[in-house]
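Listed after this line are the structures, all set down as structure tokens.
In the two complexes below, chain A is the common chain; its partner is chain B in one and chain C in the other.
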Partner chain A sequence: MKKLATLVVAGAMAATPALADLVIPDLSYRTGPFAAGGIPFSDGYQDYFTLLNERDGGIGGVPVRVIECETAYNTERGVECYESTKGEGALVYQPLSTGITYQLIPRATADGIPLHTMGYGRTSAANGDVFSHVFNYPANYWDAASVIVNQLLEENDGDMSGQTIALLYHNSAYGREPIRTLETLSEMHGFNLSLIAVDSPGQEQGNQWLQIRRERPDYVVMWGWGVMNQVAIQEAINIRFPMENFIGNWWAGADHDVAQAGADAAGYRALNMNRLGDMPVFAEIQQHVIDAGLAAGDGTNLGAVLYTRGMYAAMLAAEAIRVAQEIHGVADITPAMMRDGMEALEMTNARMEELGMPGIGPEFAVSCEDHGGTGMAIMTQWNGSEWVTLTDFVAPDDSVTQPLVLEDSAQFAAENNITPQCTSS
Partner chain B sequence: MFYREAGDFKTSYTADNQTFPIAFDRYGYFLVLLVGLGVVPFIINDYWANSILIPFLIYAIAAIGLNILTGYCGQVSLGTGGFMAVGAYTSYKLMTAFPWMDMVTITLLSGVMTAMVGLAFGLPSLRIKGFYLAVATLAAQFFLVWMFNKVPWFYNYSASGQISAPERTLFGYAVTGPNAESWVKYVFCFILVFVLAWAARNLTRGSIGRQWMAIRDMDIAAEIIGVNPMRAKLTAFAVSSFYVGIAGALLFTVYLGAVEVGEAYGILKSFLVLFMIIIGGLGSIFGSFIGAAFMVILPVVLRNVMSDGLGWDTALATHFEFAIVGALIMFFLIVEPHGLARLWSLAKEKLRRWPFPY
Partner chain C sequence: MPDQLLWAMEVTANGLLNGVMYALVALGFVLIFKASGIFNYAQGVMALFAAMTLVGIQDGRVPFAHLINAIFGTDIHYFGWEVPALAAILLTVGVMVVFAWAVQRFIFKHLVGQEPIILFMATIGLAYFLEGTSDLMWGSEIRNLDVGLPQGINPVIDEATFNLFGYGFFIDNLDISAAIVATLLVAGLVAYTQYTKQGRAMRAVADDHQAALSVGIKLNYVWVLVWSLAGLAALVAGIMWGSKSGVQFSLSLIALKALPVLMLGGFTSIPGAIVGGLIIGVGEALFEFSIGPLIGGATENWFAYVLALVFLIFRPQGLFGEKIIERV
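Presenting the complex of A and B:
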């Protein structure tokens, strides 16, 4: 009831013509087979902006107004959400869906609104020369594939020839993204790559795991999301696949993915682009947002893997707004200024410490050419009751991913007659 | 009072057979065309075009297509999504292989290609019918989606398997791509819908349409009176797939711009279009339009009312939207199992007899 009341008040406040405000649409999904991942991310994303409003009075004195729109991970609804919110002066879109990202890249570019697809979306958007309004820092899928292989190489003393890696992937644009990189890497390092697709949403994986059982790959790498992750982990337990050789990417390593299997899933590893564990900022969110009854969700997700990532995404957006305000000397910025801010963003350890989230991500600087960040990621492991960080930030092999990025973005530029934006510099 | 035949004298066979025999209807129809082409393009904004009108027009084409097959010829099909994908991928291949080609040609060729594929998958209908045919078309759905995922040639070997529509123009105006103006896209779809609906109406009341309906009502009897079942069924499949293919092509080129086959043209799309014609009315062109409106516009309206108007939580609003649309479907089908088009024609009957309807 209290929540409903605050929502009504919030709705009434949103309906009145606001003074200066920074509009951030949140294309979330709290329904459907992918809601398990969508809810904590959206909670973290919104709560951080609420914290800034409550504690600091917004960013640079201007309050942030978050507009939530439900997409259910469906591209058509994503487009509708985009069209219905862009007129409000939206500064940046964060759709949390590779499919919706592909829809929005041309539209947002034409409308001059930046898109931040953090660790998902179109990998080659890292080439800012071609994709002027798309940013995918701090890391992308091809980095993730490369980091996983680097990690495995290290465990195998640098030699993986003759070994087999099976890629279990969500049969969509999202799941297919890493294939090209893994193929290149398999030629380079001599391991065999077996591709196993799981059709969305992924509740049925009997055949796929039968194949894994028959082929006995040395490692299974998973590009999964939503309900697919839980099912895959359960199936791996059922066929007694050694869990420490089962590695998820950063969208397949959240608390809810392993919670159901619990101790049986101990040993399962997953990549992460942000650090886990307690941070000073959580106490502030608890105090200013959750205890004040302003939380986007029910407040139980605080500190969860995807909550932290959503908060990290919000922090990067807020920092970009701050940079944009500094560059242009205006507090109430426009989407075009926001783009400049994102392109000039620089994250340092000192700044992250200052914000109450020490070392949450790697240090990186965005430039006109490089919209992708460093691509570093950490490896985490589920010990049966919580996620444990195994490594520090591991770097990808840029010599592999960079040519692929250039090749794919050149193809996009040719298909769409795009002239590089950074040639003057 | 105004809605009656009295005083409106038909002096020729053509006049007697016109689609809108009542003057009031006829003027209404011309008014819709006038507003649709003369007023709406000047006041339309991005939201109305991209979220409501363009999807409505595109789904109306798909619903007319499926209605020809299922409503007029009685052949149940669950392959609509797959056939729409054929249209989309054909137009993608044409757009990227022949950049000089204009959008009308591309769209029509996509329809022709889909008609040929539909013809091939229509062959089983010569031997099986009813639920068994539904299963055969279901196989088409899964096979086509699988094929577009499996063969990289269809998506030009892109890394993610997504296809995205490059910018193509018609008379110097961009119709596809991000720089296309909403009104151009809207007018393009509107004219196609008008032409296709007009053609469908005239096909279904002509000799081919009568053959289809004869097959639908009783295929053995139809065969005895001289209808060639092979010809009738295969033309129904071809014409229906032509429409569905055009809808699929437009969904990709004009509306979405980038498409992932498993999601955009999955089995759910087949069901969506099937629901449209069941709710709108089987065997009615007008029913295809109201069915499409019901399934496309109603959820958007509900969403706007609940989350923007009432300020509800977005998740709650989405769950309610499912429940309300579902309840309305049940309500309308209980009140009128023949669909909304039948309710509409009953209302017209009553109006004709006003003020003493019975």
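Presenting the complex of A and C:
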């Protein structure tokens, strides 16, 4: 009996969360149909925090404890992960799925834990006045649609009238996100918009590409994810569509998307919310994390497109922690303080350079009203063997996206009885 | 000829070839159901596992490398050799035969005489087990598959149709390859079941288990044989589908395309799987072409099921299925 009591006490002590930890859950997906995208992102996300722990002793002297929870990109499992980890003192969640994000917005807001939905999730969450605990900086889907059109306008001397853009989209809430923005832009700039849906998961697209072959649009813009991307790229090659006129969004421009097609996919372009290429921070990760045997994966993803994005997301979270520590004068911050840090975050070129990631993202400042950043993105291109950066950060047309954000968030506020947090105070 | 008609002809031709791809998946289901009455939920995952194994062998990957490295602190991923495509295919067939034996030895041998729903549930468990094993063995990243199959527009058909109609039809070389392979596979299966001793034993078991047992046919042996053939069909389907998208988890979902084909063609008929596949392929392609644009597109998945359900109303056993006769 005494032994049993000792075991129970020891077990309870072991289960108690360690004090003075900065807890960051990682809702990853290393299994399931979208694992190829989830693995490098999670590797980058975790490795950056490990770097901070190993090299700097954490953030502000407090170590970061990453809790990985496998969602398999499944919304129910994502919510289970949230519920099972929030009690650990989670500071911020990166749900890495639009479906999970939609489920977590009311829960996290009620629990006072911020969400960072970087380039996915509910686009109108950029309006911090309504979405007090959701942040989607540095860019959102509507920004992406606008940036692509702005880039095409630039290439067509500002005139796209009479041209046709076909939007090939995943037939889901995610895939339909850019439609309204593109419809508004098509009216504004006089181009025709053809909408072509692909059923999930996107393994079969023969009919859609026959339609593209018949209609011969000037450009195909793709809102895809998972297997849809690889199949679409192969089908485009099959029908001999000019690859430089085929443009994916930032979830359709990773290394694995073009790996099967290889050199045949040369010319295919994709948007990215962060810069690619070698950065000093990679050498640091190699030395302190991978060579030390502490990497989240096998280390082979270092520098890959989605690894870099995961690392960028981790860096933004770490910087918000620093800001929160400065604002509140404590190192071991709470989720409420983390929210304050995210809302006061300012990313400058000088700071990014200092962190070993020069120019990885655009400069931006978050505020109470603006949780969305500048919305700028770069255009990248697959040259047959690697992704190369084609442009500097291109700005979206805020005059188009901002009214849509305000309208959608106002509707959400009315439906959910939300009092604006900034304009009412 | 009007453009609409030409396009409809092109869509029909592509639909027929898509149907062959569906039939390839359905074949594996039919083989097992016909011989053992088991609806094998794991058939799609078998396609994924077979294709992953093929690529793993081709690339000289060490199976279970992550597990080995995690346990022993090693850092091995490759053997350092590459295996030619044909040899890798043969080795993969060997792996699928071992898999068939294991399934029979460790699962279905213990479930003889159980209700069909129990057997079905066992295959659901098998699907999840195999999915996890595949991940552990080869990882869950996308693997490039190249067994030398040609892809892209067929220039001969393009030119011939252009000369005939003034519009060149798009037909994918990969789909033509799939049609040839499917024809060879079906011809081989038919010849095997009609003209070999093992094939006749399979047919005997399919007709009546008890009677087959009474004349000395070993049920276990026949079922291992059938699961091996289903493994071969899964490998072929995995190669054809994986050549386009790379080998990845979503290959396991292609089984969903086989269900309407089976409902339509019948669960017990190899020709039914082929004809069912062709009808579904053409039906969904023409529907997407003609009605799809009016209702937002992406109709292929649900329309295949609607088409199968309509057939079910008139022929519950499917086009070629055995008629259900219940004596009172």
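Of note:
Basically, the second predicted complex is superposed on the first by the 406 of 425 C-alpha atoms of A that agree within 3 Å, B and C clash if a C-alpha of one lies under 4 Å from a C-alpha of the other, contacts with A are read in each partner's own complex, and residues count from 1 in each chain.
The rule is short, and it goes like this: contacts are C-beta pairs under 8 Å (C-beta built on N, C-alpha and C of every residue); 3 or more make two chains touch, one makes a residue touch a chain.
Being a predicted model, the structure only gives us computed values, none of them experimental.
Aligning the two structures on chain A places chain B and chain C in a clash.
Using the contact criterion defined above for the overlaid structures, shared-chain residue A:T31 touches chain B and also reaches chain C.
In the superposition on chain A, no contact is made by A:R65 with either chain B or chain C. Judged by the touch definition given at the top, the superposed model places A:R213 against chain C, while chain B stays out of reach.
In the superposition on chain A, A:N416 contacts chain B only, with no contact to chain C.
Of the two partner chains, chain C is the only one that A:Q234 touches; chain B does not reach it.
Of the two partner chains, chain B is the only one touched by A:T75; chain C is not. With both structures placed on the common chain, the touch criterion links A:Q260 to chain C but leaves chain B unconnected. In the superposition on chain A, A:D199 makes contact with both chain B and chain C. It is stretch 130-138 of chain B, out of 4-12, 58-66, 94-102 or 130-138, that runs into chain C when the two complexes are superposed.
Note: residues 30-31, 35, 171, 197, 199 of chain A belong to the chain B contact set and to the chain C contact set alike, using the contact criterion stated above. Contact residues of chain A toward chain B in the complex are 3-4, 7-8, 10-12, 14-15, 28, 30-31, 35, 68-70, 72, 74-76, 79-80, 83-84, 86-87, 98-99, 102-103, 105-107, 109-111, 122-124, 171-174, 176-177, 179-180, 197, 199-200, 404, 408, 411, 415-417. Interface residues of chain A, counted against chain C in their complex, comprise 30-36, 39, 171, 195-199, 201-204, 206-208, 210-211, 213-214, 226-227, 230-231, 234-235, 237-240, 256, 259-260, 262, 298.
Chain C meets chain A in the complex at residues 7, 10-11, 14, 18, 66, 69, 77, 135, 140-142, 144-145, 151-153, 170, 172, 241, 244-246, 248-251, 253-254, 257, 284-285, 288-289, 292, 296-298, 300-301. Those residues of chain B lying in contact with chain A across their complex are 45-47, 50-51, 55, 96, 149, 158-162, 164, 166-167, 177-179, 255-260, 262-264, 266, 300, 303-304, 307-308, 310-315, 317-319.
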